[in-house]
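Both complexes shown next keep subunit A, but they swap its partner, so subunit B is in the first and subunit C is in the second.
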Partner chain A sequence: MAAVAPARRTKRRSVPVGRILLLGFFLLFVLWPLYWMFNTSIKPSDDYLTVPPVWFPTAPTLVHYEAALFAYRGLDGLINSLIISLSATVLSALFGTLMAYSLARYNTGGQHLSFWVLSQRFLPPIGIVLPVFLIYRGVGLYDTHIGLIIAYTVFTLPVSVWMMFAYFRGMPKSMEEAALVDGCTRWEAFWRVAVPLAAPGIVAAAVFAFIACWTEFFFALILTSRTAFTLPTVFRAFIGFQGAQYGEAAALAIVSLVPSIALGVLAQRHLVRGLTLGAVRG
Partner chain B sequence: MQYTATISRMKAAGAPPRLSGFAQWADRHFKWLLVAPAVLLILALSIYPLLFSLVVSFINYDFQVPGHAFVGLKNFERVVFDPVARWSLLLTAWLSGVSVAIEFVLGLLVALTMVRGFPGRGVIMSILIVPLFISPVIVGQAWTLLLQRPFGPTNYILTQLLGQEVTIGWMTEAPWLYASLIIADVWQWTPFMFVILLAGLTAIPPNLYEAAELDGVNAWQAFWAITLPHLAPMMLLALTFRLLDAIRMFDTIFIMTGGGPGTRTYTASYYLYTVGFTQFHLSQATAGSWLFLVFTALVVTLLVRRLLKAEPV
Partner chain C sequence: MAEVRITGLHKRYGAFHAVRGIDLDIRDGEFTVLVGPSGCGKSTLLRTIAGLEESSEGTIEIGGEVVNDFRPRDRDVAMVFQDYALYPHMSVAKNIGFGLKARKMPKPEVEARVAEAARMLGITPLLGRFPRQLSGGQRQRVAIGRAIVRNPRIFLFDEPLSNLDAQLRDEMRGEIKRLHQDIATTMIYVTHDQIEAMTLADRIVLMRDGLIEQQGAPLDLFERPASTFVAGFLGSPRMSFLPGTLKLDGSAAAIRLADTLLPVAPGRTLNGAADGQAVLLGLRPEHLTRAHAAAPAQGIFRYDATIDLLQPTGSRSYATFRLAGAPVMAELQAHDVSRPGERLPIDINMNRASIFDAKSERAI
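Then we have the complex of A and B:
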């Protein structure tokens, strides 16, 4: 096989110029805004409006990071984002795994229940957030960490449930059945046998839940104000600016995108399942 | 291997353990207890608010006016006959349609270049998916930095490339600001199409292409005869998922144009947000969001249900 194949291939394979150009162009398109944002974040304010623009800052500075984190309360937003995203992630992964196991192994509620959960994923947030805002004001959850944690848990549940649903369906039942035969309760078969085996799937689901919470803006915009505001909402301070805060906006963006990109790239093996709610195995 | 350890522990403990009354009850209703927390949470924070907003949309709900008088369909009428509402719905359909179409074509082209292995593919893959993990707010911010006059370098680059002075108001002038919003959306979501379509492409058995090659079929014919039919379900899935997210478009608009100039870049979500939270016509906003919800629900039931049902995994 191996001896025959190369001869065939080399005849047809010339340098694919079109492909390289397309891929190169697209890579540039992806990287360029990121580079410019980084460049802006370390550029002294004097370099903002020069013609031609300063492509490589010669005197990099961290003043914008300092201002973004402290003067614009970016650090408070960062801490709030961490608390809220981590809490919601844990709850979502936990409740999502519980429900997914029941759906996968006991077919609980048939297709109606699973599709009901799925449909929640496609509800436009504007339809939910208005009444939630009114309810939260009534019960004192407006602008609290708990309030946003609950909202984020619910908003990430459909993805957690469906990712884990697909994961459990792809896992052989035999070990849990053996455990049941040997006298385990259903809970033990789930908690001690199925959950450890599904750990990689649970971690992947949790990573995507975390990224979803970390990058979420709309709920945070409406359900928080001075206390529980998250990192993305801090960017409101830079809207309509006239030149003075470009660096601060860029610096805060860099701080905010590092954790979610790092996690996302680490979990990229599960990306296709995450994006399609488990419908497609990557 | 934990399961063997568990089982041997159970065996060592002797006969099946005696369960207390509660444990027996819990074991019998096990499957319902597992779904209970998630279902209760969704009921409390999604279904109850939806019902509540249905009530709100039939009454007068205003922070200034005490009492909630029943007003029938008045709130719905106000939305339906508001030209801004109609404009925003139209713009939502138009913007999301164009963005998703560009993302689809570009994503497919890039996926086709990445099907076969080559040195550096892993690194390139990791770079290409980065936009998916960035908050749309930051994406809007990044493109604002590139496009906004006089700071952004885009006009300067275009001037150099075209050899004539370019002074486009990317964030303020009518056709260009739509282009800006679409570019930001395309930048963030083309990787979505790319990742899903690539998964679909790599799942096509390579021997189909080898057989076609032996039969003297050229690459273009192979694409129409093999790639397209095999990829079709995946294309439909990617398009549906993306479209359902695209019609919510809000964050980039909030950051980049603020809906302006005037109401030129109002999308459905942005319109409902301003009605509810800057004008405080909460009843009108909930009525409008119910209309939008019904609209989305129709799309969901028509497309998503059928898509996922067929997939046994």
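Then we have the complex of A and C:
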């Protein structure tokens, strides 16, 4: 032991210059546009395009935030986006988990149904937007929260199902079987054993679904107008006849980042906890 | 506590016929070991008893009641799995108490029974830990605790020791045997390990290709195997099989192996044997010893062997030599033999030897 310890210490002390440089460069690459965006959102309008650029605004202002959120109805879009994305995410995770479990454990639909589910993503969405628009108009779903929630749930389901399908298939059956013998019904074995074990997978699938809903633009544009419009559609308004509203666009972009980052932080804790749940065999 | 009766049981997976007609009676309190090579249907049979697989045909009775249509939870059986199948998101105490909680037992009683089971298995200090913090042997104890806490009518074990290292396996094997002695509940145990089968079982059910090849007390199967398959499966090192022909001459019978004539032990019945019939003589290593007495006793055939392979294990040495051209292994005392090439007299105990028909491979 005594002979090994000093060698280890010297190794730990040496600075990995290459790694720090690489990480530093990567960090700059990622954070630079964010900084530029934030900077623009608090600059007075006259400073947007000056040469040389204003690196640190001397008189930061919140006028762009005010305009983006209220004049351009960004706040309404934000609230709509939250309602629609969160609802669709919950539904997608719920149905996705149930369907994936059925496919994985009962081999529902033989060997083809699972792939058919995924194949629904092959179709470019633009191919179905007109029929969907007409149907929505006909049944009164146009420009409603429910309408967009349904659409987003359907769009995100294939990926949710596929992710959860892979997850359940990788999980040993024996724990659920133990629960069945121990005194659980099929439903209890699913709910009390399979779901807790699949939690990391469910969280991951939900994060994917949320990101897809949160950033979706095309269907939101076609299927909503003045009531159920979502945050991405608000950005249209910033490019108009009088030029681009850089400050407002940047301000709203910053606002739209907040839920994504909050979700990422929350989910990460779950994902990390989930990883340590594995490895049950000795 | 209950007896198990299986009648005409079949299990098919599509075109694959895993269990092909099993009839089995297991007495109350009996320790039955289902043993056989992988793919012989033993695990499928166990899982069908547990209710985890549906039978394609036939009935399963537990305690006189046909349970075919019962859900696993209603069969009142407990099962220990090969991979332990502990719930990783629950503490040891929760794992053990899970089945009781699922059956809506009041909390104080659950706690009392968990504590009692933990005490029995010596895992009380582990109750607050999670499965990932346990060693393989500790996990297996928790899995057994989860089974005994429920006080089921039948215990089912599905290769419970095969994930453990050799030393721990021996230890746990002893503990399972002691557990059965203490609680005397019917146990059905699946393994492919013949040592586990021999040491644990009141009765061994040896399976092959979805059928029972032979069943009975371990020593019955060991001493009187019904076929070369049974004879070869039980016992380590394996029984040696020597091809020869049967010579019947009035009341005396002998087996001719090339140029050597081995007299069959007097008084041994040879059912349906014919003169000149092709047979296999089955000799276990322990049927052969170094000759010490001046003249061989009745039923002992003495042979001058030249040892060509020696495998010392410390207390014993496994010596291989050729008898009429075919290799035979003898289990000798370590001091009986010192090196390969040595020539020594070997006594072959024909009283214990098995004789099989060469074609059907069934015992004569």
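By our rule, the second predicted complex is superposed on the first by the 221 of 282 C-alpha atoms of A that agree within 3 Å, B and C clash if a C-alpha of one lies under 4 Å from a C-alpha of the other, contacts with A are read in each partner's own complex, and residues count from 1 in each chain.
Criterion: contacts are C-beta pairs under 8 Å (C-beta built on N, C-alpha and C of every residue); 3 or more make two chains touch, one makes a residue touch a chain.
Here the structure is a predicted model, which is why all the values come from computation and not from measurement.
Engineer: On the A-aligned overlay, A:Val193 touches which partner chain: subunit B = first, subunit C = second, or both, or neither?
Structural biologist: both
Engineer: Given the superposition on chain A, which partner contacts more residues in subunit A: subunit B or subunit C?
Structural biologist: Of subunit B and subunit C, B contacts more residues of subunit A.
Engineer: Taking the superposition as given, does A:Ala178 touch the first partner, subunit B, the second, subunit C, both, or neither?
Structural biologist: In the superposition, A:Ala178 contacts both subunit B and subunit C.
Engineer: In the overlay, answer first, second, both or neither for which of subunit B and subunit C A:Pro124 touches.
Structural biologist: Only subunit B is touched by A:Pro124; subunit C is not.
Engineer: In the superposed arrangement, does A:Ile222 touch subunit B (first), subunit C (second), both or neither?
Structural biologist: Once the two structures are laid over each other on A, A:Ile222 reaches subunit B alone.
Engineer: Regarding the shared-chain residue A:Gly110, is it in contact with subunit B (first), subunit C (second), both, or neither?
Structural biologist: In the superposed model, A:Gly110 contacts neither subunit B nor subunit C.
Engineer: For subunit A, give the residues common to its interface with subunit B and its interface with subunit C.
Structural biologist: On subunit A, the overlap between the subunit B and subunit C contacts is residues 175, 178-179, 182-185, 188, 192-193, 196-197, 276-282.
Engineer: Along subunit A, where are the residues that touch subunit B in the complex?
Structural biologist: Interface residues on subunit A, with respect to subunit B: 16, 19, 22-23, 26-27, 29-34, 36-37, 40, 48-49, 51-53, 94-96, 98-99, 101-103, 105-106, 108-109, 111, 113, 115, 117-120, 122-128, 130-132, 134-135, 150-151, 153-154, 157, 161, 166, 169-170, 175, 178-179, 182-188, 190, 192-193, 196-197, 211, 214-218, 221-222, 231-232, 235, 238-240, 243, 246, 249-250, 253, 256-257, 260-261, 263-265, 268, 271-272, 275-282.
Engineer: What residues on subunit C touch subunit A, complex-wise?
Structural biologist: 50-52, 71-73, 75, 77-79, 81-89, 98-100, 102-103, 131-132, 134-137, 139, 146, 150, 156, 163-164
Engineer: If we count contacts the way the header does, which residues on subunit B are in touch with subunit A in the complex?
Structural biologist: 2-3, 6-7, 10-11, 15-17, 19, 23, 26-27, 30-32, 34-35, 37-39, 41-42, 44-46, 48-50, 52-53, 56, 61, 106, 109-110, 112-114, 124-139, 141-146, 150-151, 153, 156, 187, 190-192, 195-196, 199-200, 234, 237, 241, 244, 247-248, 250-251, 254-255, 258, 268-269, 272-273, 276-277, 282, 285-286, 289-290, 292-293, 296-297, 300, 304-305, 307-309, 311, 313
Engineer: Which of the residues in subunit A end up touching subunit C in this complex?
Structural biologist: The touching residues are 172, 174-175, 177-185, 188, 192-193, 196-197, 276-282.
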